[in-house]
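Scrolling down, you'll hit the structures one after another.
In what comes next, chain A is part of two complexes: it sits with chain B in the first one and with chain C in the second one.
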Partner chain A sequence: MKGFQGLLSVALLIAIPLGTARLSLAASKLNIVTSTQDPSAITRDVGGDRVNADSIAKGYQDPHFVEPKPSFLLKLMKADLLEVVGLELEIGWLPPLITQSRNAKIQVGANGYMDLSRFCEILEIPTGQVTRAMGDVHPLGNPHYWLDPENGRRMAKAIQQKLAELRPEDAASFAQREADFERRLTDSEKRWDTAMAPYRGRKVITYHRSWPNFAKRFGLDVVDYVEPKPGIPPTPSHTLELINLMKREGIKLILVEPYFDLRTPNAIANAVGGQVVVLLPSVGGVKEVNDYFQLFDYDVNLLTTAFAKTK
Partner chain B sequence: MDILAFLAAPFVASLILTGIHAYLGVHVVERGVIFVDLSLAQIAALGTTMGVLYGLDPHGHGVYWTSLAFTFLGAAVFSTIRGHQARIPQEAIIGICYAVASAAAILAMSKSVQETEHLKEMLVGNILSVSWTEVRTTALVYGCIGLFHYIFRKRFLAISLDHGHSGEHGYSVRFWDFLFYASFGFVVTSSVSIAGVLLVFCYLIVPSVGAMLYAERIGPRLAIGWTMGTLVSALGVYLSLKIDLPTGATIVCTFGLVLIVMALLRGVILRALENSAPEPAAIGPQETGLRT
Partner chain C sequence: MQRIVFAAFMGCLGSFFISAQDTAELLNRMKAMEDKIKSLEGQVQELKGQQAALTAAVTAAPAPAPAAPQAPPAQTATVTPEPAPAGLAAPQMPSGPLPVYGGASAAASKVFNPDISVIGDFLGGIGNGNPRGTPSLEMHESEVGFQAIIDPYARADFFLSFGEQGVNLEEGYLTFAALPAGLQMKVGKMRAAFGKVNTLHNHVLPWTDRPLVTQNLVGGEDGIDDAGLSFSRILPAPKDLFLEATAQIFRGDSDDVFHAYKRSDVSTVGHLRAYRDITESTNIDLGVSYSRGHSPIAEPLINQLYGIDATLRWKPLRRSIYHSFVGRFEYIWDRAEQPMNIRTTPSGFYVSADYQFARRWFLGGRFDRSGRFNDAQLIDTGGSLILTYWPSEFSQIRGQLRRTSYAERLTANELLFQFQFSMGAHGAHPF
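The block that comes next holds the complex of A and B.
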């Protein structure tokens, strides 16, 4: 057996490096890993079949907390480019994964590390000191910026330029696809703006502070949150305050992200005669939403239906 | 909405839980299988997670029946292992079941859509958001189970209090053991969906233990247990609103504090009773109902 084992090891030692070398030459698709499904959806639109884009966190998960799994490390080890949402959204789980991957290309500051927040309009940047007593506040601003289609445009442009930098031979293809993305986005925006126009100024409650960019773009007034402070679960007295607020101001809708438990929102909605709407903050929040356009289609549709019903 | 209206449903729910759990707790403590209910509650929670993983609505009926199926399975296992005077301590098996059920629930949730919030819910529940419909359903189910236990109370008491000798009474101990655990499982499943694993455990054990500090006989124990459960529920719900803390966990901590107070005051109260009654009280420090 010993002789055979030795022969097998030598054979493998020769075959594997040769094999992988041949594989990487043949398929020069860029391996892109993103933190959430929104950058990966846009990247797939811009990169087309010249890229493999995959995300670590899924759209139905809370992007602040992701349980690490072995498959994440495997993805990161093979990545040429890592796109992160930034603004400390992933600070709870991504940094150790990046270090453990030992992939020099994607370390912070390397060429294959891309922080998309640098290219976008950021809201709710805190002034003054930020402490833990204020809850889970993001000290650099609200990281849910992809929910404004204008930021989607900025992300697509930045991703296109980065892809062209990493794969100059495909630059023309990326540029053309990105132009196509922007054109489709402009058309869709007209549709979304028209649909949401009648409801500008409507007051809503949301569970978490995921919606400032969305609300600003579509003219919604987010009056309060089910969470008493960001990241803190609903407390009895805040829930009572919320019920009284909604009754006083005639607010009927509670927008809840899909990864929160609906018990408390349902109880509040029952008490005020309102309605809970499970709104998706990310691509992949439900099976049918697979790209950036479908995300807004889904959300706008859900909202307009709910607004129409709750005059 | 004023505070009382807001707290009404949760408080009534806690009263219902107190009623059935204090009674079942007397049995559980007498049988000496304290961790069975924690384990069974966790198995019920695992059943719920499996239902959610399968795609059922987390607060719907399908999930309840799944949870119940798991609980009955656990009940069957626990009722069979009791009979054996085995080398392996029963508590070891129960503890292992608890650990594995907890971990299995975490694994199931990692594959599902509603992860961490649900896991936290499992532990302390969300009694504050209980609906009047749930309260009515629970009252109905527990009423039936209570009736069942009242009708057959002699059998149940016999097998709990005197397990070694109850075989002599002529009825199948195994069968009545299983009925006990099955009805117990029904209660645990419903309670866990409202109050969570920790709170269910507290309602079962703490009133019974508090009562054991002061009484030997079942009647007085039930009375003390029910009173304690009611007071702690009221205090816990009120405190959670005043200090703005999660209600379930507050009630658990209140149980702990009240139990400590009851233990500290025991000497004082019993001496007072002794002095006022001609015959000495039957309870001394070495006779606190410890069973061999």
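The block that comes next holds the complex of A and C.
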């Protein structure tokens, strides 16, 4: 009998929330959640005031290691669209958030789940055998692809088409804003290309493999990394090799993401008479970088200043 | 003799004609090959010319119109070079490999296989462990996980634990992620949502063992882990407060906690969780739990458990991979009916803190105290110091100094050490 009382109490626990469920009213704006700040910046440019775009990870935190906090579920449960970087960048934290969001629209494979890597040029897709002896490799390719403006253009186009599909009545507005984004991007690219042109072919060291698309786009030559392998912290022997390499090849710049410790890069820079540049891989990396254009403005400005100083 | 000479002559003549035929055929083939090579040379020259023209065009116009997103070209992973090995310059090749669009279909042939992972847990102990000593060395548990999306409506997770003695289905359940009214349903065998420690698999615990209160009152290592149904919902709450209610019904068999003597002897679990970000780095997680089932002592006896839990986390986002702090507290009361109309009300708690002081290093401490299920007057008390090192994200080495004063006036001083390693699919980090 008491067992049946238990059953009854469970039924009540289920029934109460069902009863309190609110009717979802058609929202005036599309709610969009992105895994990192770069897609949300582009989405805001394309969607304008017809969308609310919010990101989970901040631009100044390591996007590989984000805590799946329940507060993110509050954003995800109301989302019409979830945009992810993909290529397993978010594999350690996003899947449980998606499952727990109780939102059918954004489940993997649903119409409101958008993997932006599908539309972009992906570099460093490993060929041959991949093992974790190689460090924390991304078997589907390097996920830091948004750092090439050409990929930003592809992302904007893809986002525009997805927004138009979800909100056909605003399609014209999205198309017009996307065309404006492309026009501004083309103008900005000329500016960035001109600024970076004198430094094409310059050799640099980076902390993590965050910059293949950026380096390819602007003609930088990433010779080695502070991490001996992706995701493996610097080791004394590798640091020594790096110092010798930089001395031998006359490399002066070490590019570091804002979430890595600067002690090892600074020690290397001191040993070779070089310079550490904290370059932003994402929008939101510092307060004044709030959109996709400001991200490249900031990075190109930092780099050209540093290149000019170090020769 | 003449016959032999004749036969030899005929043989030689035959072989001469055959080899003459072969030579003619060979010459013809060589001629054909020469023609083919010339034709191929011509084609190569033509292609080189086309490539040079293309390169010139690409250099002149570095920003081509974006490809239509709906139809990304098929991925051709093989044309992409491997990343340049450390120390080697990545050559800039304007006429190099063709761009590759999209990377999501690399493992297409295995795409419907579940994600498979194996987590090994090797445990050792030194010192006096009486009266609950563990083996000096053991392959404590190997957990095999299979996880996959079943269909547009559900996903499934299976965790089998292989001990040295046998295999146990630790969890195996189907999750309907998005039912109407914001409900989520799980069906299968699962760890009950009672408190915090009971929900955690061994490999995500911040210690090598489970606290005394779990061992004395909540079923030890297996805990409340049973076949049943689970419903949960995020409740309406003031802004920025996450409130989640979970209701579960189980068959009623959980080792030392509950036992089902007949079909109606089901056990139930209810859990309410409140979570809030205090700042972007700090958050607090509170929970209350209740569980009820039939006592393993005898059929009419009922066992009821009440719990509260609190977790405080700190992780500065800019240095999230280097520093963090987690403080945990859990208090559990047991109202256990005993034979002869006696009711025992043992209780217990643990409080613990873990501080990550470097990218790979964690230092922790725990104090725990608990009564026993059958006699609330028997109190065990323990304290532990824990040092953890992560060679990488996929392996972990841990040492734990543990001192326990058992109610029998026995004191155990132990050094426990553990090696954990993970193979296969990259699982989600616990929170």
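Quick note on the criterion: the second predicted complex is superposed on the first by the 284 of 311 C-alpha atoms of A that agree within 3 Å, B and C clash if a C-alpha of one lies under 4 Å from a C-alpha of the other, contacts with A are read in each partner's own complex, and residues count from 1 in each chain.
In this section, a contact is a pair of C-beta atoms (placed from the backbone, for glycine too) under 8 Å apart; a residue touches a chain by one contact, two chains touch by 3 or more.
Everything numeric here is computed off the predicted structure, so don't read it as measured data.
In the three-chain model built by superposing on chain A, chain B clashes with chain C.
By the touch criterion stated above, A:Ala308 is placed in contact with neither chain B nor chain C.
Partner contacting the larger number of chain A residues, of chain B and chain C: C.
Of the two partner chains placed around the shared chain by superposition, chain B is the only one that A:Thr235 touches, whereas chain C remains out of contact. When the two complexes are overlaid on their common chain A, residue A:Ile243 makes contact with chain B while staying clear of chain C. In the superposition on chain A, contact of A:Tyr225 is made with chain C only, not with chain B. Once chain A of one complex is fitted onto chain A of the other, the partner contacts of A:Ala197 are absent, as it touches neither chain B nor chain C.
Contacts of A:Leu262 after superposition: chain B is touched, whereas chain C is not reached.
Of the two partner chains placed around the shared chain by superposition, chain B is the only one that A:Asn270 touches, whereas chain C remains out of contact. By the touch criterion defined above, A:Tyr60 lies against chain B and chain C together after alignment on the C-alpha atoms of chain A. Under the contact criterion defined above, the residues of chain A that touch both chain B in one complex and chain C in the other are 60-62, 65, 67, 69, 228, 233, 238, 258-261. Chain C makes touch with chain A in their complex at residues 62-64, 66-70, 72, 75, 77-78, 80-84, 86-90, 92, 99-104, 106-107, 149, 152, 155, 175, 177-184, 231, 233-236, 240, 242, 244-245, 247-249, 252, 264-268, 270, 273, 275-277, 280, 283, 285, 292, 294, 302, 313, 315, 317-322, 359-360, 392-394, 426-429, 431. The touching residues of chain A, when paired with chain B in their complex, are 60-62, 65, 67, 69, 228, 233, 235-240, 243-244, 247, 258-264, 266-267, 270-271. Residue ranges on chain A touching chain C, taken from their complex, read 1-4, 6-7, 9-10, 13-14, 17-18, 20-22, 58, 60-62, 65-71, 73-74, 77, 86-88, 91-93, 95-96, 98-104, 107-110, 115, 117-128, 132, 135-136, 139-142, 150, 153-154, 157-158, 161, 182, 186, 189, 193, 201, 203, 209, 212, 215-216, 219, 221-225, 228, 231-233, 238, 241, 245, 258-261. Chain contact summary for the complex, chain B toward chain A: residues 1, 3, 6, 58-59, 110, 113-118, 120-121, 126, 128-129, 131, 240-241, 244-247.
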